[in-house]
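Listed below are the structures to be examined.
Here come two complexes built around chain A, the first alongside chain B, the second alongside chain C.
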Partner chain A sequence: MTTQTAPPEAPTKPERRKLDENALRNLGLVGVLILLIIVGIITKPDLYSDPTWVKNNFLTILQQASAIGVVTVGMTFVIIGGGIDLSVGAIVAIAGVWSTTLATQSYGAGGMIFTAIIVGTVVGLINGVLIAYGKLVSFIATLAMMVAARGLAAQISGKQTQISTNSTINDIASTRPLGIPLLVWILAVVVIAGWVLLNRTTFGRRTVAVGGNPEAARLAGINVKRHTMLLFALSGLCCGIAAIMLTSQATSAQAAMANLYELDAIAAAIIGGTLLSGGRGTIVGALFGVLVFSTITNLFAINNLPTEVQNMVKGGIIVAAVLIQQFRFQSLTQLFKR
Partner chain B sequence: MSALSRRRILFGGAAVGAGALLTACTSNEPDNSAQVNTNTDASANPNAAAGEKVVIGFTAPAADHGWIAAITNNAKAQAAAYPDVEFKPVEAGADAAAQRAAISTLVAQKPTVIVMLPHDGKELDSAGLEAMKAGIPVINLDRAFPSQAAFRLQIKGDNYGMGLAAGHYIGEQMKAKNIASPIIGEIPGIDSLELTQERSAGFKTALAEYGFKVANRRPAEFTADSGQAAATALLQALPKMDALWNHDDDQGIGVLAAIKQTNRSEFFMVGGAGSKAAIDAIKADNSVLKATVTYSPSMASSAISLARLIGQGKGMSDLVELQVPKEITLASETITKDNADAYAKLGF
Partner chain C sequence: MTIPTPRDGHAPADPPPTTASSATAESAPPAETMTRSDTTENGGLALKTGGDVPAPPAGDDGGDGPGDVVLRLTDVVKTFPGVRALDGVQLEVRAGEVHCLLGQNGAGKSTLIKTLAGVHHADGGEITWLGQPFAPATPQAAMRAGIATIYQELDLVDDLSVAENAFLGHEDTRFGFTRRRSTAQKTREILSRLGHPEIPPRTAVRDLPAAGKQIVSMARALSHDAKLIVMDEPSAVLAHDEVENLFRIIQGLTSQGIAVIYISHRLEEIREIGDRVTVLKDGRTTAANLPARTTPTRDLVSRMTGRTIEYVFPPRRPAEKREPLLVVEGLSRKGEFADASLTVAPGEIVGIAGLVGSGRSELLETIFGARRADSGTVTLDGQRITGVGRAVRKGMGMAPEERKSQALLLDEPIYKNMTLASFSGFAKVGFTDAGGERKAAEKTADLLELRPRDVTRPVRTLSGGNQQKVVVGRWLLDDTKLLLLDEPTRGVDVGARAELYQVIQDLAERGVGVLLVSSEVPEVLGLADRVLVMREGRIIREAPAPEIDEDTVLDLVMSGSLTTESILEGEPA
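Up next is the complex of A and B:
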């Protein structure tokens, strides 16, 4: 399972090699982003000739990537740790709905944020307990949670769209400190926190160890069960944060919100270089993955192309990214080594 | 050891407290905005006089959408308005197969009439035939069966007409403002649905009469967050716009939020369906939303009234015929500031 991560020909400087590989992959994604923007400039020169529009366009791309980006950070941790979380969209929905009931709204913005974060984390924790201690496969446990959480969200909301009347919450989406949307700041903070957690703490090291080889991690003294549980709680926490972001953007929440976020988050993590079998992955790559999708959506919108073609292109990019990961980069990095 | 247990007690206490607070937070006010025909005065309307008892079986999908919720609420409320009607709702489950099973159960209970909003008209055609064969008249709500023998009455909205109405409203407004080549945006709902395609076709046809066309079209998914995303993309693609048609007022909550977040106001917007929030906004006239074209869930209330008449063998008193007709298509009406008051009670 982890043969790709530890090739025999480079045993002396594994750390260095990993860095190079990640840097190369991220460089590739930056290349894709630049390519997409060039296509935009060629197809819509009139729009791109206006500097104000261009600035707004980049901020829009970032803003549209913000909520799903936060979810993807949590997803990346879960996948690196050897699991998968299919319930993220449903957790966003239950957290969003729970925090916008009339009763919660009566506690003000603080109450709503608290509720969304606690509900998200607790639902993630339940996932974690089922997987770590109930010994359910994460695919099944989170699939069950996906259905159940959406059901509970529909039950609580009475299948209605719950409008947020709290101006503090609604203003999150329109506030722009230093000219940059607050939602983008939140994304930046979560990404940086995620990067530090993964690369600079024992929690991050353990995540990689648990995902790479759980048995070896256990023998090395890591409490694998507890760690797995915490990873799913972390994913739930990210969903809770995203729920508030999405609620403020839509000024409402409903049981069907964040539809198919699980697939977008998994896809973004994978094209960002996270190994689906666990043990390897980067937060920066995942962020680039989200940005690639967001930029494609933007490119198709400004050219008024139908969304069905957009979905086909997205599918193609996912397949291409994984294929490139498997063949091209391995041989490329080996080429550079020789 | 003692430190650990103290920490546990603290965490445990906090968890219990948060749990108690959160459980209290799930309550919502009961919804009482059902659209009911209250014309049950028997002296004015002989049809309203209590007749023989009618058992109405009812099934509609459990979709997470305000419109479907309103359909179910309306049917329930209208049935409750008649003393001679017994309302028997059956959960339709998540898909067509589950609803087929639900209808079989319903048929076995032998209600007088069945009112159903199918998941999909084509897929539930056989269920309609089965009930009709068992001698139970079927009233199809909104999603037509292909077989004529599968229903006694079909009552539905007019999706194509909705698009026409929105297109005509925008066309007339543009003519009045002397805009020769307006930039028009469109935000439909789920694009793969037939109803969305009909709405868009009607919109296109009406705009073509004025020589206009849609400049950009970004589908959403009938949810507020997807509406916000689609509108943000559309607004970015069209730095200047003259008019916008959003197919659905529920997703319109997100569309309006996106418009506000981007500080845009150079255009006007037409909604779709006729939700209470949309009608209120049109009446208040403080946003870009200036009109909405109806696709009213009041059809569920009418379906129950007509189911009762069919069950009792009565006709519609204003018509010559002794029985209720076979097909009724509601007209799509345009709600503007001028008539918003009259429609306020029909908002859902």
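Up next is the complex of A and C:
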């Protein structure tokens, strides 16, 4: 006779619950987006009655989300891997400035793009080496890098705004393949690549392991140090891409560009469900986080409201999102555990 | 897969004929043993010639003759700052054998196997693996060489799925992309081999109970193509029938010529599954290659501890009738347990027996207020308990099952961990009193034979069993009225276990009520005044301990055709 002796868990049920948790959060963020749009319709009914304006405004929101969205994808990886990167804004600035010096511009668009990406990646790599092999806490190492990289950017640019005279670069922001801005296409590609990397590759799986339980990751034979280093390099790479995108939008670069991007990126990742302690997070959630912020910015712009109020609302949204998450987290896993 | 009937299921209670009865053991041929002095003089030599020594080929009573020597350690040394964890270890493992490592908490067993696994690096001595000198630089190197390890502490990533954990570090990929379907398929096969086809490979490990996680750790070891599998206290979190299952798997492995190093503090397990035993004490091999089945328990224990320990329970006091201290009425949580009612009087020890997964731990945590009950009440001294904070203030203490995630601040010193629940009692006008805390912690450390006894060390550097002592010790300091103990002796060695039993009994004598959960039925029966038997989320039997015996409990626990599934779905049992 075959007896069933106490299976440790009922099949499939927990899996469903986990899926629900992520889906629920994303649904919540979509709800917030819809709510913001409704607020827009109520406050500016005349604008919303014009379908062309609505379409263009929608594309504007996406375009504004594009550079910060790319940075957020990198940030999400770093946070899932158990770190934090405070230097992203500064890396964008140094990459932007370096790629728009007269010398670099003389190599043409290819040289500028190459420079931005290499500078971003190398600065990220320096972060990674300091953190993984120098055993610095990522908060400290990237804080130092934030200050130093902006300083270097100011040094290189002589505190001047560097105009990009390269038409190929400047055209990136205005090209619209299939009616959608190229910048939005770039964001889409980065998000999809990020999603695949996180969910479908060894690299992504190891990122979760390194952030969630570094000891277990080490015992499983993962080179935790090298992986940590690569995560910061990845974040730097995303910053390099974003630098080109911003440069093209402004047709210039300066040491103060991408100001406070680190805060926006962290906030977007967090309200998208990435755990600051590492080991958990989603790319899609982070994307929604970015969209919520750029929709708010847009809402304030079309209503001609001051940015101070906007920042207050942003802060409120971050707190509310984290509170909601904590509440759900606690009711799920209970006070006593973890 | 056929799972044995309950009768076969508890074979250890019913030892096979080869197990030492005292008389046969006494007349058994002398084993190849060493004292400290000959370890240094010719221990290594004796071991090297071990294969040719006409001494009785150990493990022969296991059936198959032992294979070639695959692993040999000679005078291996490993030091940590301030501790010589390994101080000249000799070990010889043959293909197809189950080689048991015995030793007290802190003897160096885990350090030894981590040295084999490439986690630690030996400071001295020699390791040969398959005839070649061996010094794995990383865990990956050891795995590639064919050594897979199941670590003492569960080492899984909560947010990855079962399949992802099983193949972590050696993922099945094509061009860097994970092959999820084939990984899930392979995991399913391994899980079936392990007798757990019902665990879905894509479930997050977070959602599995402790026993399920242990299965995943095992699946990970089996996912390697290993020639040696090292298991560090794999049975500590397993219920009785799971252990049987584990033994069946081990037998399957050894019959393929795979060698197994097995660590456990349960001597009866070593008798059942082991071929040869090596004993460690204070980082040295004090006896090597003893026959597992025939060496008398007394010998083993004295080689481990340097003294003889009566492995018995303190005598039971006559239970006196008193007003209940804890009253639990109709407590339910959907999918975990239903309609649980029980009482604990001051000075009474109540034991809960049941399989892992029967809802015991969940019940305990709910009583403590760490989980919210769907219905029912918990009262302590006539006052309702609704949350952990209140429970602790009213004098409840709990030593949870998963010490690493639930109970310890690993990087804090021992004394701070011990006084975690009571440090405000030491505080003077709001300032903590480290000196007082340290002294109190030292007293507990003595009581529980903590090794090393230095209470300023971070808990992380303690051996597994000693960490467990810290968890239990925390509540001994306080004016606890009711103590909830979930597997208090998990991973605790024979000697310290006897001490711990005495401590629990002394607490009860002082009037503390104790509610105890243990997978080891003899422990529940030996310690408790009253026994509750849980099955599939329900308390199915309550009896004074003298009126119930091990066989009855095991039959109750395992009989019945209901599956846990039905209770998890919340259907009436």
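Following the convention adopted for this analysis, the second predicted complex is superposed on the first by the 311 of 338 C-alpha atoms of A that agree within 3 Å, B and C clash if a C-alpha of one lies under 4 Å from a C-alpha of the other, contacts with A are read in each partner's own complex, and residues count from 1 in each chain.
Definition applied: contacts are C-beta pairs under 8 Å (C-beta built on N, C-alpha and C of every residue); 3 or more make two chains touch, one makes a residue touch a chain.
Because the structure is predicted, anything quoted here is derived from the model rather than measured.
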Chain B versus chain C as contact partner of A:G279, first or second or both or neither: second
Contacts of A:I222 with chain B and chain C, given as first, second, both or neither: second
Partner chain(s) touched by A:G212 [first = chain B, second = chain C, both, neither]: second
Contacts of A:V119 with chain B and chain C, given as first, second, both or neither: first
Chain B versus chain C as contact partner of A:N311, first or second or both or neither: neither
Chain B versus chain C as contact partner of A:T165, first or second or both or neither: neither
Contacts of A:S49 with chain B and chain C, given as first, second, both or neither: neither
Partner chain C, residues of chain A touching it in the complex: 1-15, 17-18, 196, 200-203, 205-206, 208-209, 212-213, 215-223, 279-280, 334-338
Complex interface listing, chain A residues touching chain B: 47, 50, 53, 56-57, 60, 63-64, 98-99, 101-104, 107, 111, 115, 118-119, 150, 154, 156-163, 170, 173-174, 246, 249-259, 297-298, 301-304, 306-308
Footprint of chain A on chain C - complex, ascending: 1-3, 5, 117, 119, 138-140, 143, 149, 151, 155-160, 164, 168-171, 173, 176-178, 180, 196, 198-200, 202-204, 206-209, 211-212, 215, 220, 239, 241, 335, 355-358, 365, 368, 370-372, 387-388, 400, 405-406, 536, 558, 561, 563-565, 568-569
Chain A contact footprint on chain B (complex, rising order): 18, 22, 24-29, 31, 62-66, 68-69, 191, 215-219, 221-229, 232-234, 236-237, 239, 250, 253-254, 256-258, 260-261, 277
